[in-house]
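Below, subunit A partners subunit B and then partners subunit C, in two separate complexes.
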Partner chain A sequence: MLSPILLGQAVVNGISLSAIYILVALGFTLLFGIMRVVNFAHGAFAMLGGYALYYVYGRWGVPYLIAAPLSALGVALAALVLERLVYRWFYQKMFQSMIGLLGLEMAIVFTAVIIWDPHERSVPAALAGIVEVGGIIVPTDKLVIVGVAAVALAAFYLFTKFSKYGLAMRAAAQDVEIAAAQGIDTTRIYQLAFVIAIFMAALAGGFYAQTYALSPLMGERPLMMAFIVVILGGMGSIPGVALGGIILGFAESFLGTFYGGSVAVFASFGAVILLLIFRPWGLLGTPET
Partner chain B sequence: MPLLQVTDLQVRYGRILGTNGISFSLEAGESLALVGSNGAGKSSTLKAILGMAEWPQGQILLDGQDLRGSKTSDIVRQGVGFSPEGRRVFPMMSVADNLRAGAFTRPREEAAERMEAMFAYFPRLRERAGQRASSLSGGEQQMLAIGRALMSRPRLLLLDEPSLGLAPIIVERIGEIIEEVQRREGLTFILAEQNANWAMRVAKRAVILELGRSTIAGDCATLLDDPRVQNAYLGL
Partner chain C sequence: MMMNAKAAMAAVCGLAALAAAQPTVAQEDLKVGVIAALSGGGTAWGLGLQRGVQIALDEVNTAGGLKVAGKTYKLSMVAFDDQYNAAQAKTAAERLVNQEKISFLFGPVGSPGALGSLPVTQPAKVLQFVDGYAPAILKNEWHAGYVFRVNNSNREFAGPIVKWIRQTMPEVKKIGMIAPNDAVGQAAVPILVDAYKKEGFDVWVEYYERGSKEFTPLIVRMMAQKVDLFEINSNAPGEAGLMVKQARQVGFRGKILQSGGAGVDEMIEIAGPLAEGFLKYDVIEFTAPEVKPLVDAYNKKYQGIINGMVPIYYNAAHILLEAIRRADSLDTTKVRDEIEKMEGWETKMFGKLAWTGQAEYGAKHQIAQPFFIKEVKGGKGTVKTVLKPE
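Let's look at the complex of A and B:
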């Protein structure tokens, strides 16, 4: 059963799943790390990203490499209205944010049910066809997803590490009052972080809808995955997201390939429970003081 | 026109009064020590100037312009620098990035030039430029906090308890550096301190705060000889 081809296949699947999980969890951990909100509505934005891609790419036929970032950006900018109306009231209020944003999730999801009905649709693949490398079959579609995700993650890394606004975002994450005392307009920085986080969620949601199916209720699973990744890696830790996403993506792919999908889910949640018992701050997080 | 004028300032934290009637003014190029015991209202006064605390009564004028309702980031853009109590460097960022954050309001080239100037004032920071700020000693973190505040070339620097928890020799060194920056850059500063003796040697003028009010004010040289001040604050 350990044929190299099967192993290779599992690795390829693992990479593509990891890319999606990292994207969706990165936005989740940003909102927590910087604004201290637990975004239970994260899945809803992933779902909206799926619908945006369905229209922009599936219906209007905009070329995929433009359509994917464009639809995610559209969702993120539209979400700024919710930032002003809802999120802003919950910044730095972790527990209140959980309840408030759970409510927001329901509001968005059931508005989507009213608009689009609850049935599943499909978003066409970015590229039909497969590539075969040494016997390993890779759908080109997956390559495109991994490529776009990698570009988004690299851009985010360069932005936070080297740009002035990235520096301001890191400063605000560590001490928002003192960041303001450096002349940083923290309201704007929060909006910026919010747009980036929702962009990532919506982008991941588009990929997710393509890989599985599109429906108003599809956001639940990406939200759960973001949660697991972030708990694995440590709430608010960006390297933790990368590590957690890779662990979860590969675990799901390997366990799913060799033992079936339900074992994979069982193992993922089991790992999280064990971690919460023995190392509740996550693999790369820091314990609360 | 004074650079800063504070009149009858009352700071409130909910129902608790932080200060209740503080007045003083400061001309450009001057230095002022705000001296008083714990809870006298030193930090509250600085926070009010920066828009970080509510002040329902009184007036704060910067260049004659009322600061009421201004956001912290806008006040800082007008040329106010802040070295907070307890230093509060960004712990997970490198020393260099902490300094860069201090120059957020300035163009990139100026930030690089200012960083060189800070390394000249605080040579230890150059040695540790790549290290995380949390790995610095208390004295080094204090120097970083002051350096960060100086990065924007502020017209008015607010220093909140820079001597707190530091060895006397390091406190003296920090005083020398503040004086050096003042000599070279014509810095105007307010030094809020419990360590009255030291603060009144670093600054030219002093205002003494008691229970949220400003009581005695004058030149430090005179106040250091004033028996009321000697009894209460200098332990003589």
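Let's look at the complex of A and C:
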């Protein structure tokens, strides 16, 4: 069964899967890294991003390169209301945030069911078609996702590592009280981190809806994948998200292609269990002091 | 799910208030149960089931209600979501039977839910109308006492479809299938596999965990087996649409056919232009004049795509209501006996009612009706052929 084309196809599929997983997990890890919030409503914001893209691009015909960030930004800014009403109560409260935000997830999802009904629908692809290179097939819409994921990951990393606000975010992540004593407006910094995290979730949700299908209940799987990726890479670690996403994407592609779907699921979850036993802070995370 | 339950309760309260205000029209409430996938990959079927039954109930209510043994009943529905899985279906059945005290139940659609609900409904003599392909839905320890399958199962349609493929696609030698690793894959898919093998086809099957959205690795694995026809088998519309889309995206150029399910429009909605040429089993032709009143009623009441489950369950509801009228009773045993005697009754859109299954399942509780193979052309499902069940 092993052939160069099959191997190449598995690599291509691994890259596109990794890109989706990285995009989905970036916002999730940011909220945890900065505010110690386990955002179980992450999937709901991804779903809202999908619907926003459905209307802005699919219905109103706004050009895709404008529609994708505009939709995500709309969701992120609207979510500031929830930041004030809900999230702010859970900052630095990891366990309480899990339960509270699970409730928020359900409230958002079932409001969406009332508004849109649970029917699955599609968001038109930005680029329809395939590119064939030496017998290996690459769907063009997945090329777009890979490109966006690479740019988002790099921008994310550079912003947190080298910008003034990124530095403030990292300071707040290390010790919020000392950061405040140094003159950092931690409320504003938290809001900024929240907007960026929800923007990423909504952007990823738009791509996810385009790649698969759009429905109010579509967020469950992105949430699960984000959770697995950040556990693998290390909660709060951006390079960890990249590594976790790549491992998960390639494992699913290679194991699924050469050994079947059940083996892929078994091996992926088995690896997470082993990691939680022997290195619970993840591959690139740091142990809690 | 909650919304529907509350809506049903609100309707009940509203009707009760109406009845109180008009004492000359003495009406009682008759609740029928629905278990349907209202979330997840089977949502399209679940909504179709729920809406088909609701339209039938609306028709009877508009005509003044259902007259039984000197009383007039206003019909209402209590619906619960089974998420297309057995455990949720069992929970839903327990709530409907033990709390809501319903005697008549529509659904679930799909083998997992149907098999999960039977241990609750059959001992309680709740008359149930299911759709799912597992033989155990009818061939079981309760001898199908109070359950009818209201759609062809693949035991009835797989043979004719495979013979049609043999006749019309001589180039097809090897079949590839990707099936869910649950009751559908374990009980229903082997029937289809046997039908293909009986006609001399080579068959390759791979399984996935329910809930998956990414089938590309499995499709690539299937393509390495050099299959000529990708058979989507009994996958729910959500998964089936993605399989069609992802197969074309990774360059599968063979035929794609689904011998199972009902309704092609959801798959066109998900796969978009990549659905072109896709072949699909279907239960009805919506452009037929006898189906138009149902389509109009659906479009007036609901948004979104009408699928094959709407006419299937609209038909099932009318079969039940006619049997209740004939029995002049709400006793489920009497109503069941009347349903069994209704062979030859003229349905609104499926011709004369026919029951089969005595030899196969030990009870004539399996509906038998002609079916369609449709092909997606220009973004629409068009009838390619009409076949009869075996």
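FYI, the second predicted complex is superposed on the first by the 288 of 289 C-alpha atoms of A that agree within 3 Å, B and C clash if a C-alpha of one lies under 4 Å from a C-alpha of the other, contacts with A are read in each partner's own complex, and residues count from 1 in each chain.
Here, a residue touches a chain if its C-beta (ideal position, glycine included) is under 8 Å from a C-beta of that chain, and two chains touch if they have at least 3 such contacts.
In this text, all values refer to a predicted model and were calculated from it rather than measured experimentally.
**Q** Where does A:56 make contact in the superposed view: on subunit B (first), on subunit C (second), on both, or on neither?
**A** neither
**Q** Looking at A:164, would you say it contacts subunit B, subunit C, both, or neither? Reply first, second, both or neither.
**A** In the superposition, A:164 touches subunit B alone.
**Q** Does subunit B (first) or subunit C (second) touch A:186, or do both, or does neither?
**A** Touch partner of A:186: subunit B, not subunit C.
**Q** Regarding the shared-chain residue A:212, is it in contact with subunit B (first), subunit C (second), both, or neither?
**A** A:212: touches subunit C, not subunit B.
**Q** Quick check on the superposed pair: does A:126 touch subunit B, subunit C, both, or neither? Answer first, second, both or neither.
**A** neither
**Q** Of subunit B and subunit C, which one touches more of subunit A's residues?
**A** Residues of subunit A touched, subunit B against subunit C: more for C.
**Q** Between subunit B (first) and subunit C (second), which, if any, makes contact with A:177: first, second, both or neither?
**A** first
**Q** In the overlay, answer first, second, both or neither for which of subunit B and subunit C A:257 touches.
**A** second
**Q** So in the complex, which bits of subunit A are touching subunit C?
**A** Residue positions touching the partner: 1, 3, 6, 9-10, 13, 17, 110, 113-114, 117-122, 124-125, 128, 130, 132, 137, 139, 142, 212-213, 215, 217, 221, 252-258, 260-262, 264-265.
**Q** Which of the residues in subunit B come into contact with subunit A in the complex?
**A** 50, 52, 71-73, 76-77, 82, 84, 88, 90-93, 97, 100-102, 104-105, 108, 148, 152
**Q** In their complex, what parts of subunit A are in touch with subunit B?
**A** Touch residues, subunit A against subunit B: 164, 167-168, 170-171, 174-175, 177-186.
**Q** In the complex of these two chains, what residues of subunit C are touching subunit A?
**A** Subunit C residues touching subunit A: 2-3, 38-41, 43-44, 47, 178, 181, 206-209, 211-214, 216-218, 220-221, 224, 237-238, 241-242, 249-251, 266, 269-273, 303-305.
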